[in-house]
Every structure is written in structure tokens, then in C-alpha cells.
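There are structures below to look over.
After this come two complexes, each holding subunit A, first together with subunit B and then together with subunit C.
Then we have the complex of A and B:
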């Protein structure tokens, strides 16, 4: 594989020339602005809402919960209201909506609404939620509980040479997409048009169809979307509902545009997690059994927590073959902002926990971390925790071996250990740690990770994604799909796949606007499924177009044309694709997805093929810690990804670099705390993501091991690069300090505390 | 900014002073606006905005004399960084300017803004303190500006002695003896650029035959105000630093600062690390390594 300068992103030119129109750039005549009055308390009873008589309420439109017939956002559980009616369940929960012709009036109106709350006890700690008297969801505050069993964990325990236990935790993470949430609703007589920044137009349509009880036709159109990372998967359904309610009542188009502070304070975050894991191992470090307990903090409402939990549970054994497994996973409710989709979707939490457990095994048995990993890596023909036998495209060992060799892991591990020893010794003695001005503690860490491509379990068979390809009058194939471009390269990937199938120039392929009145529901743009699942439909559609064009041409001419790399050829004549296609303008093909029948999953007993295939990655992070200030930086980052087939090589490399850096952010930069139930961050100044200056030297390699059912062998890529980055970085900190770092993120302040603890122990 | 607000863009000091005289406060004096514009509420509430970057003297003055340089309060950091005389004679100032925000911020942000904004985390402030800068405050009366030191201007986070009609006009920095001079500016933030300091430390001193003739030490972000650490300086002055003496200095600076825990860091980390950064600077300056 190598770079191809002609394979640039199809959306790049418009973005570079600032011609791309995001929702805030659109000129919408008569546009009003909407906003929500939000609860300041994590849990309270709404006693009254009063509207100050000194304000002229004719100037604005107000909506409260009472007016909403179907006051729930249709998602998995329908538990989240558009507006709280009696009880608010998190600080920031919307209570009243207001719209006005300008922002000044809107603000003024907001100041004249008074909501009286009676504060109620609340629960913020996910481990206390289950047994709390505070009931947020059902009797036990559990959104979902999953049990997976394989083999006989008792047998593993009895045969164990060592029993290794570890508790680990991960924190919130904010998406920090460049463009904050923004949606506009435009009311018409029997219809409402929703236009905005989003990943999943059909999710919004389903939620609003339900909200309006079918009384309005809902059209959802995606505007150019400036980043999402999962943050625009579930949340825009709530926001679009707000815009639509205000638009219908006021009769004006209404914009719900968040500024950065509102965006980081009230939109979804990555699920925090808590793991209590036990590994039963033999004396060489071979894992005989894993007994894993997983908690995810779902926040006040369910959103997608059940599926996030499923992915966490199904990823919990990592890239390892384990004969005996018991997993108990729970997603619980707390009085915090609902957690939602975020790149990796439960996978990063699970992989962090298992990778740290591996570190602990190595630590306990006095082995190098790579030795324990290598011994346990899963291979073709072996089975996962659900009994899924990996029959094809398995590359845990290949990626691992490659990245270890390229990074020279073993040699550096030994060299750095030796170099660190005197610095550490002095540090722990409490004397000046440096021998030379530029002395640094150098760590090298590693991780292996995987990501199940496509929806979890039977999801794809439920959603039955559908696409259409139609030949237009100019003889150009037009793709109709609901997949969205959010900066990840979806448009480029879909065009490339169809162009390659038809052997024609990419410039001949068109994509329809993502508008639910025009495009079929090909499923949401999530779960690393677009290239692999929707791409496979495009390959089928392309092949059918060729065969149907050939048939038509032959029956019309009485000759026997066959298709050769973009041309129809019959021995005498050769005619281009476009010329033939133009003759049969209007011809269209529809394709609907279902898993190949060989892929089977039982989501009641949690047995079988949880994912049609996995993508694989291994990473090595070289980390430097300043022994004076404990500042942490990643100096070099090596990763090898096996993704079946790279549809666009440059874009795949960019995805891997960006995802890795985001994962490094998760490890050592990005921290969200709670203050009185509120997130303590306001935006870019206090939520620190790594900038280009923090980008390590990156060395990325892509391996290809085709998935027989993917387009040209391609598997999912979008989320995978994120998953293994944090454990690789933290593995390097274990290596430096010989100390179990089990909580993400790790800050210099944490290293300072650890060193102080180690000092006290030594003394 | 609210629609009804007035923005003044005086061309020179004379016009600036006239605007101040003829209008009713409060005024919002602004230069690069790198801090104000990103604070939605404060920016919206900003009344009678006076843009100091339009005042030619304040925006352009970078006057080098024999013994000092006078810098307009609205001169962007990047011009200071590029000035060859400043680079040669005031490297510590250039180093601080380089560590502020990012290149974009350095193109807009100014020393005047950093002072008037009065954030304890302002990266230029400890450096201006150790350089013993004179801050010229306008309007001038009979051609004379009020002159203050940096630690006299800032009274607390966001608080200064500036009256509502007063503005920072110039920063005058004396050139110091270069013979035997040593200096350091260290900033500790959560990332390599665009980070508000968890702590910072400026040290400027002079050696003669291995003896500290004079030393000035000032920290940032670890107290509500910008203060020189005179008791720490006293420990080192007229001495030949060794490990024991430096340990005493580190103990003293721990007592001289009063950090807090906030979203950026913890009180304990800040106190410990400020002292260790001082130790690091002194060990490196005096090449004390236990080899």
C-alpha cells in the first residue's frame, strides 16, 4: 500500500476554500433563535414555573412539558423527555423552551422565567446507584445487565497458579467536535423540515415522527457537519425535537445553536467505567480464565447505554483467547448528563481494563508485558467469550509482531529501564533526580486492541440498511444513501467503492443530498459500519448495474457485449460505460443489507457471532516524564492496523493518526470533573485536548487481511485507532514507575502523588 | 458584544485622552482582546469599548534607548519576539512571550493586556517583575505618566489599582548588566502550547566569582498576586550556592507562595513543583550535579 496523490478527499476543496456551508452559514429568512431553560440541580421536583408579568410574552414563543403529547425522545427506552415535567434528573436538563426573533429578546425572556425547584437527594456515583434509595430508572437503576459465560470459571480457578485481581476506572470524555451542536426546524403547513449538524438523520426522523404522533411529515436534511465522533449520533434527536416544538408553535423557522460552553456542559460524554477483574493464570502467564465485572455510568437517561454496554462486554476479553470466561456487565443510572455514543462505544473502556489486567499479570509473575500478551493472543480457529469462532481475517499476532519489531520494543524496554534506574532511585530518595540537564524518565508501553466492525449482535439484521443507485440523464450513477460526511471521509469512501466496482472515474459518480425524503435508510453513520456494510451494498449494486446494462445492450443490439474495465466490448465495437448508461438513464438498483447467513448471534444467551468480523491493532507508545515537574508527553507512537483493505490509503493513515491522538488525549490530557453535579469544564481553555504541538512522532503501518464479505475485503476502521492508544500510553507509565496505574486519565498531579506514596513506602 | 455599545478607535494618545475626558465611564480598554472576546458574557457586557490598537503610540512604540526599551502597551508579543535588540538584551522577556498561548495569540496579545487583565497566570508578569519594569499609566498629566511596578498594579485575580479612566500606556524595561547574568523562565502547563499555566517561575540573577551578587525570583499562578519572593532571594544573595543553601531556598519559596486547587491543578502539586523547578533552575545554573 502506498499514498496516491490523486485520491484526495472529495469534500476537501469546498472545505479548503471555505465554500462548504454549515448550518450557521445558511441564510434562512425569518429565522428565530431558541434556547432551553435548564435545571441547575442534579435532581429536583419542579414545583412551579412562573412567567414574570413585566415581560411582554407576545414577543416570544414558550413551550413547556405539558404541551408535548408524546413527551419522550424515541430511542431504546423512551425514558428521556424532551422537557422535564415533574422531576429533573440532571443538572442541565431542559425544562422550558423559548424562541424569539433575536438573541437579545431571547435572553431577556429567559431572565423573566422563574422555575421553583424542591431539591431532592441524588446519586452521582455509579457504584452506589444500584442500592440507592434514589430511583432514576426502574427499581434498581439498571439500564441493562449482561451475563456472558464460556467454559467453567471454577475449573480455571482450581487450576490457577496465580489469581490476579485488578480494579480499574475510566472517566468522562468530551467529544469537542469543532462545530458545536446546531439544528434548525422550518415549519410548513403539514410538514417540518429539520436541517442541521448530525450523524443519523433517520434517528431524528424516527424521534420526531413519534413526537408528532404522525401528525406532521418530518423531513430531515443533514447540513455540512463539522465533526461528531459519536456526539451527533443520539443527542441531535433531543435538540431537533426542541427546535421543532418551537418552530411549529411560533410558525417561524427556529435555530437551536449551542455555543461552546452550553455544548460541553449539557451534551453527552463518554461513559465512565469501573471494572473489577480477576484473571486465573498458569505459571507462564497463560490465562486460564477471566472473571470480569463491568459497570458503565449511563447518566440520567438510557440513550444508547444498553448497546454501549453490549460492546464493552463483548470486547472485554480483548485480543486474547480465554478458555473460561464469566462476564457480568451493568449500565447504571446516575444523576449526571446522559452518557452517549463516542468513538469506540464501550470498547476503549473494556480494552483499557483488560490491558491493565495483563500489565498486572506481568507485574505479578515478573514477566515483560509483551511476553504475557504474546502467549495469550487469539488466533484463527479459536473462539471468543461468546463462542464466536474466528474463521477469517484474524491478525492479533501479525499486528503485534509487526509493531514490536518496528518499534524495537524489547531493546528499548531494557535500555530505558536501565537509564531510568538512577533517576528513579534519586527521586524516591527525595533528592534532586537529574544527572544531566535533559534527563527524562523514558517509558515504553504497548497494547493490543480490536474493534468489532458494524453493529453489535443482530443490529444490522434489524436495521436492514438499504441503498439505491440510479443512472441519471448524463449517464452518471447517483448514490442514494443516508450515510453522513462528518469529516471522516464517507463521501470519498462510497464514491471510491462504486467507481472501483464499475471501473470508471470517481468524478462520474454523484451522491445525493442526505435528505430523508430522497434517500432510503441505509442505517446510521456509526459503529465503523459505513465502509464495510454500506460499501458492500455498493459493490453488489455496481455489479448488478453492469449485468443489467449488458443485458439491455445485448437484447437491443442482438450482439454479445461483455464488460471490460469501464467499456462494453463485443469483438468489433467498444463503448464506454457512460455512453451506454446514458441510453438507459433512469435505471436503478436497490440493495438491502443482511449479514451473510453464516453469521449468527443469539442476543438472549449472548452466544455466537457478536460481530461479523474484527479489525485488529497493536501499538507501542514511547512516553517521557519530566522527573522535576512530572509533565508527561508521548514522544513516539508506533501502531500497526489490520483493516482488511484500505479503501483510501491516505485517509486511512489520517484516521489512524487522529484517532490515536484522541486516545492519547483520553489517557493523559482530557479530564472532566463534577462540581455539584455539573461538569466542571466550559470549553477549550479548561478542557485540554492535545494540540498539534503535542502530536508524537507517529509511525503508522496498515496490514491487509481481507474480510470475505467486505467491499474489496475492507473492514471497519473509524473507531479502532482510538481504542488501543490509552492502554499503550499507560503501559509505559507502569514500566517507568513499576506501579499499577488503573485510572484514566493520568495527570502530572497523579504522578506526583504516586511518587510521594512510593517515597513513603520506601521510607 | 451588544449592538448598542460604542466602540472608540482613537488614532493617537491625544484623541484617546479626549475620549476619556468627554465620555462617561465605565470604559473597556482592549488591545488584542484574546481573553475578552472568548468570554461570551464579558464580551457581551463590554461597555464603551476603547480599542488601544488604533492608538499609534501604543500600538507601534518599541523604542530602544541606551539603558532601556519602552514598549507600547498594545504592541503584540510577536513584534517583541522579533525585535533583535530585545532578543539580545532581554532574552527572558522573549522566552516568556514565546510561551504565551500560540503563534496566533502572540500576534494579537500584548503586554498591556496581560497586565491589565491581572490574571495570576499571566505569563509575562513574573518576568516583568524580575526585570523591574516600570509600567506607565495614562492619561498623562502635564506630560507625565503615573509610573508603577508590576506588583503594585495587581491587587488580586482580575483586580488592579487602575481607575476607571486609567489605562496601561507603556512598559519601560531597563537593560541590566550582562556580565555574570543568568536567567530562566519556566512554564508548567497541561500541554505544550495554548495552555494556561499551572505555575510559572522567572529567575534573573548575577554571579561574580561563583557568588550570587543579586537574584530576583518571581512565580506566577501560585498566589492571588504577582510577588517577588524576597525572602527566598535573601537566602541566596551574596552566597555561593550549594545543595544545602538551595534546599533552604526551596523550603522558603514553598512558604512564600499560596497556591490553590482549581480545575488546572492542585495546591500540593503547585507548591511542590514550584520549589522543584526553582531547584532545577539553580542546579543547572550552578552546574550542581551529584555525579
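Then we have the complex of A and C:
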């Protein structure tokens, strides 16, 4: 199906003609190049830093920690320094900054800096961190601890027919946006301009305002950004700080451009997780209570771990209604690269754990996995773990039913089981498993997932995102917001929303460059909030523009014009929006967000409306495993999403396709290990993301169930498609092998060892 | 060393280090910004160009190999009459997101189409484009766009004629 021309992206043609400039495409006169000298050890004391006297340091600018007055990146806890001063806390931590006019001199200079370290004991295992003698953060290495209770878990235990326990784990994941991190700092007398690849210009501005102690005016400008997925949410504040320090000291514009290897080795990753979960169930598989223990590995510094943990804890009961809940969640510190934001933001880990727990319940009670899910799905009027009553826009059942029917799940479940039996039998007997060359083990798995749209808890009310819409001389409305385009379609969505509100052509709407000197802080481009939160401000602004233009027109003419789909009409005359708007050029409207008062959350007791609304999805994955090589592939992937209202239907489908494939990568392709505390990946060669050859046949459907406070009913979308993909794929592996897969990712070698275990058991 | 080669139909002479990558020559020295560095190791395809008639990753070609060669980047391809159809297919199928991998995909699309005598099936396209990585789209819409293009008889093979015509002039 071809898209509606109104769905065509406003940024597509510029990108297809290579007219769009990313930061490395900018021509900046006199640009120097900067780099960081990094710790090779996961924890050490810096004994000395020496600069080789035989090297000509006049050609190079050097910055060390001592020169930085406010040496911390302002974020949630100001614990991360721009440069380590005494102790390094992870392998890859920056210690010295250097810059030079060309890359060759920069490389040579780097070789002439010697940092002497005294190695110190370190902790890499998140489960040992709390009781470790190694102190990274406070006395217990805990960035945040959250307890959520609902009902009485003891009562659930007493009434339980079965007690089902499961431990599960998820690993690091690298964002692998195609454009590596890159920021340039341009020094002026009283000002520093930061330009680069980023999600959150005002995060960077806040961090640099603090670093300079208000002594420099900091202007942050977003360049075209080649993918982010959360990877350019918190990390660029550190990188921009480095560029700014070097630029101010050298007096030259300085670029911090990562190559792929540096990017994958020192930038944030998705938080690894460990879950120890207990479900109390009745004999039909109905969940009476959940007792969940969650650990997230935050790495060496806090970054955003506290809020990632909150989302994890608040998502931990999945799409299910559970009367009795106890959740204990901890984000702990280890001597690894700080973990950071990544699409889903704690949700994918939580949903993986709960969905695998459901698989285990089905396994124990000898039920089909869809039966246990269906029995427990949450409905309108029921409440979540925080006691949030879901009053509107609830579609767990609708998405689930739709995807099961479309994928023909039940029939395939039975057919594939039958087809697998002889192959499995041969495999477990140690006989060559294939009778026909194309004999494959076929699995079908499913998941249900949700994503709370917008910031967690009271976040939106604290940020108070603000936008402005101004009429320019040509009578065109200009949007001023700090939302960034990083590939997700923000520019198209915002223009579409305002155009629809005003009933005018999208081409008449302009968007101002994202520059902190020009745009108000409408909040960061994160948390699937742009369309829903900022979009709702645009609708309000659009309505106010219409009413103010109508009033002005009427008081000037003494007539009574009313607004009809793009025109002012008074019974005799009909005048276009633009004609009227041009008369009142300069008129502007500002709107600031706060939640509708009906949405209330207590973030001390963790009670109430954790999110204004949730988006819902269900997925079915058909997986094939080669019984000889154990290669895993996803042949077909069905998903049904309910996102309130698709503002841009075609691009909503695109988000779902892309997010799903990224989630499939998380399940079976993307693995990051640690070697001496360092990530063991260097780029695309040893960190495999899905290519077009790995993509399944995708079957996506969108349901609408409006959110009363969203623009035209829209809720958040960007992160949700990722969340349910991995559990659906792994559910299919449970079905094939009748074995509990509890660790992400699952690689062919893991299947090999599972089969070995099953063989031994059989023998 | 001194190299002379043809870039998008124009003769270019440059003094460069023999080890300098074609990617850097195109992007930094000639301001052909469609040529992106995603990995520098020939894995991601963001720097793909047509080099002596074949699609290659320009990060793997050292300067000394470029002397006397013919190179076409997206900036050259977009001047071809057939390019409007390619652009339209990518736009209409919604195949564009962050755009960083995009010129590599378009170069691969042209290289693929010019070899095709008949419309392509999905499996073939998936395999032929597997040297270009994208992290945003999940590929579905890109594959749809290319499939649509391969149905247009005037586009298949024609780009080759166009490309060589362009190079010769």
C-alpha cells in the first residue's frame, strides 16, 4: 500500500539529495580535532600524568581534571566527572583531553601522554555490588531502590495452587545508530556554541551552564542526527563538555568525532538486568500475586539509572491484572561503562522477565502460553501495581486477540509441535536430525507489552515543556520547540498536528532550527512523549491562534467571522487563513504543559497514575531453528499496536517495523561481553545487527482507541515496538525445545548447550 | 601522490597521501557529503559509491587505487533522468528515516537495478542489499521501494546506459 501524500516525510527529499548536513558534513573554518585519553583499567588510582618533554606541545591543547572548576556532568546525581581526577571507575573513562589542528598531530600527541595507574580491586557483577568492599556510589553502591506494594502478598501465597519461580537475565545492548557520536564546540568571546548529533539540546545546555558556572553563554544547536535510540540522550552532555573545554582553552573550534570502535566501546549501553520473580497462581493459571525482585546494572555513574529503574519497576507486572504485588527494584553501580537511555528505558527488561514468567506458569500447569496470558490480561477499570485505575484507552485484550487471529497462532502451535517431534527425537538421540535437507524446527511464540507514554510519574509536571507558535510576515505559523528529529519523524508529526488543527496545508507550517537561543525548552525528545505531550500543546496553540485571529478580525471589521476549515467566513466574505494571519504577523501563542489534573502520582509512596496513559501491543513471532547449525531466524513477525491514534499512519508502521527488528536483534543477534572490564565489541564485525537478509516477513496492524488528552487521541509510539519483540521470539524457543530460556540474547551456541543438557537428561 | 580520476563525470586531480581513503577524498576534499562513514571497515555500506562500474565501500579503497578510475556518488546519480523515479519510490514508500545510511542504499539500488533484466523478488533484493545496514527502518519499506522500482522496465538496465553516458561526457 502506498502512503497518503500527507504522510510523506518532510525531511525525505533533502536526505535523498544529500542536502541534509550532519555534523561531519559542516564546513567549519579552522576546525581542530579533539580526543580523550582513557583508562585501560576498570578501577585504578591515577598516580601521575606525564607529558613527554621531547614532544612539541605548542601545537596541542591539553585539558586535565584539575582545570575544571565544576568537574561533574549535571544530571540526576552529579556523580560523573568530565575527567577522572583521582580514581577511574571504568575501563574507557576519560582522563586527559587533547586537541590539535589535524588528526595526525593529535594521534602523535596521544602517544606522548603517559598516565600511571595503580590498579584497584573492582566489581563487575551487579549481584555482588551491594556487598562489595569496592565503593563506587555511597556505602552500598545503590543508585536507587524502589519498593512497590499492592494488596497483601502473603494472602496470595496462602491461596496459591502453585508457586512458580523464575530467574531471568538480560545483557547489554548497543544502540548502533548509523551515525557515530559527534559534537563540535565553537568558542567566542563570552559564548560557546555547541553543534552536533543529539536528542536533548537543553540537557547539554544545563550540563555546560553548570560546568562553566554561568561564566559563558552556552548555545546548543542540533545538527541533522543520524539515529539515536536513547544513545544520544545523556551521553552527548559528556562529549559536548569535552569539546567545549578544549575549544575554550585552545581558542579554536574543536570537534569530538568518534569512530565506530570508540563509539561502541565507551558510550552507554542498555542496562543489563537480573530478575528473581515469584508468581502465586491458582489451578487455572490465574495470577493471584507477584513477588518481583529486580536489579539493573547502572555501571560506574548514575546517568539516568534512577528513572530507568522506575520505568522497569512500573512495567514489571506487564499487561496483567494482579491483585497482590510486591516489587523490590535496585539500580546498582559496577565498574563498567555507565549504562544509559535506550529505547524502552527499562521496559524491555521488565517485560522480558514477566513474559518468561508467564511461559513458566504455562509450562508448570501444562497450559498453552496464550491461555495463561488471556486469563490475566488487564482490562479497563482494573488497577496496576501502583493502584492506577485504567480509565480509558486500554487495549491489552484487543491487541492480543487480533494478533492471535491474524497469525493463526493456535493452529500453527499445534502443527509445528507435531512437525518438530520427529526432528527433535532424532536430535536428542544423537542421530542426524534432518531427513530432508530443509527440515527445520519451527516455533511460534507470543508476547503482550505496554509502554507508559511520556515521562514517568511527576516528570512532565517538573519539566513543564513549553512551545511557541508565531505567525511570520508571510502569514505562516512557525513552530518553536526543542524537539529533535533523529529519524523517528518528529518534524513531520509536529507539522501534521498543527496543520490539521488549523486545517491548512502542511507546507504552510515552518519549524525553527533547534537552537537553545531561539526555541523554548519543550522538554527532551525521549520517553515517547513528543507526539503525545508536545503535540497536545500544538493543538492548544492552534486553537488559540484561530480564536485570537477571529477576535482581531471581528473587532477590526465589526463583523462576525467564524473559522471554517482553513477559512474565515461571515456570511458574505470568505478569507483564507493565510491572508488573515499575514495581517496579524507577529502574533504568537505560548503553551506550557502540565498533566490534566485528574492524573495524580505520589512518587514517594509509588502510588497512583505512574503514566497518563499506556500504549499496548501484542506480537507473534514465527521462528526457525536449523537443527544442525542451530542458526536461529525469525521467518514471520505479526504485531498489533494500539497507540490511540496514528498521526502519520505510514510512518507509524515504519516505526513499528524498525523497532520490532531492533528488538529481534536484542533477542538473538546482539551480544556484548566484558573482557578485563572492557566491552568485547569493536563494531559491526563482532556486534551483529540484523541486515535485510535477516528480516522476517512483517505483518503490522494498528488499532485506534483514543486517549482523551492526546492530540486527536494520540499516545506515545516510538519505544513500544521494541518492547515485546524479544519475549515473542524467545517464547517460540520455549515452544520448540520445551525448555526455559531465561537469558537474553540467545545465540546458536546457547541452543547447542541446551540440546546437550536435554540429551543428558534423556540419557 | 598525484591522482587523477573522474568523479561524477568531471576530471579531478589531487595531491594526496597514497593511503588516504577514497571516502575521505570524496567527503572531505571534494565535499561530496552523501558519502558517509558509518564504520570505516567495509561493513555498513554507508560510504558506498560506484567505482569503475561496481558498487564498492569507499572506506576500503586507498588513494593509490583510484588513479585513473571513474567514481559516481549520489551527487552524480541524482543528476540522472532515472533518479526522479528512485527518489519518488523512496519517498512514497516511506523508506526514509534518519537518512544516514540512505545514500548507500540508493547507490546499491542503482547498482542492483542496472543488473536486472526482469522484476526482482523480495528474497533477491534482501540478499543484494544485505551489504547496507540500517538501524531505523527494519528494511521493509526500503525493500518495497526497490521492488516497485524493479517493476519499471525503463529503469532496469537503463541506469547503466545513463551512468556510462554520464561518465563519458
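Throughout what follows, the second predicted complex is superposed on the first by the 758 of 763 C-alpha atoms of A that agree within 3 Å, B and C clash if a C-alpha of one lies under 4 Å from a C-alpha of the other, contacts with A are read in each partner's own complex, and residues count from 1 in each chain.
Assume a contact is a pair of C-beta atoms (placed from the backbone, for glycine too) under 8 Å apart; a residue touches a chain by one contact, two chains touch by 3 or more.
Please read these numbers as outputs of a predicted model, since none were measured by experiment.
K.L.:
Have a look at where A:40 lands relative to subunit B and subunit C in the superposition and call it first, second, both or neither.
P.N.:
A:40: touches no partner chain.
K.L.:
Considering only touches as defined above, state whether A:151 meets subunit B (first), subunit C (second), both or neither.
P.N.:
neither
K.L.:
If you count the residues of subunit A that each partner touches, which comes out higher, subunit B or subunit C?
P.N.:
For subunit A, the partner with the higher number of touched residues is C.
K.L.:
A:740 contacts which: subunit B (first), subunit C (second), both, neither?
P.N.:
In the superposition, A:740 contacts neither subunit B nor subunit C.
K.L.:
Under the stated touch criterion, which partner chain does A:486 make contact with: subunit B (first), subunit C (second), both, or neither?
P.N.:
second
K.L.:
Taking the superposition on A as described, I'd like to know which of subunit B and subunit C A:693 touches: first, second, both or neither.
P.N.:
both
K.L.:
Report for A:437: first if it touches subunit B alone, second if subunit C alone, otherwise both or neither.
P.N.:
A:437 contacts subunit B only, not subunit C.
K.L.:
According to the stated criteria, A:706 is in contact with first (subunit B), second (subunit C), both, or neither; which is it?
P.N.:
neither
K.L.:
May I ask you to decide whether A:654 touches subunit B, subunit C, both, or neither, giving the answer as first, second, both or neither?
P.N.:
second
K.L.:
Classify the contacts of A:685 with the two partner chains as first (subunit B alone), second (subunit C alone), both, or neither.
P.N.:
After superposing on A, A:685 lies in contact with both subunit B and subunit C.
K.L.:
Residue by residue on subunit A, keep only those touching subunit B in one complex and subunit C in the other, then list them.
P.N.:
Touching subunit B in the first complex and subunit C in the second, residues 259, 683-685, 691, 693 of subunit A appear in both lists.
K.L.:
Going by the contact rule at the top, pick out the subunit B residues touching subunit A in the complex.
P.N.:
2-3, 38, 40, 102, 188, 190-196, 198, 243, 263-266, 268-269, 272-273, 276-277, 279-280, 283-284, 288-291
K.L.:
Under the definition above, what is the set of subunit A residues touching subunit B in their complex?
P.N.:
Going through subunit A, the ones touching subunit B are 104, 259, 261, 431-432, 434-437, 628-631, 633, 669, 673, 680-681, 683-686, 688, 690-691, 693-694, 747-749, 752-753.
K.L.:
Could you pull out which subunit C residues touch subunit A in their complex?
P.N.:
Going through subunit C, the ones touching subunit A are 27, 31-34, 36-41, 43-44, 46, 74-75, 78, 87, 90-94, 96-103, 106, 125-127, 129-143.
K.L.:
Can you check the complex and tell me which residues of subunit A touch subunit C?
P.N.:
2-3, 7-9, 11-13, 15-18, 20-22, 24-25, 27, 175-180, 224-229, 259-260, 486-489, 650-651, 653-654, 657-662, 683-685, 689, 691-693, 695, 698
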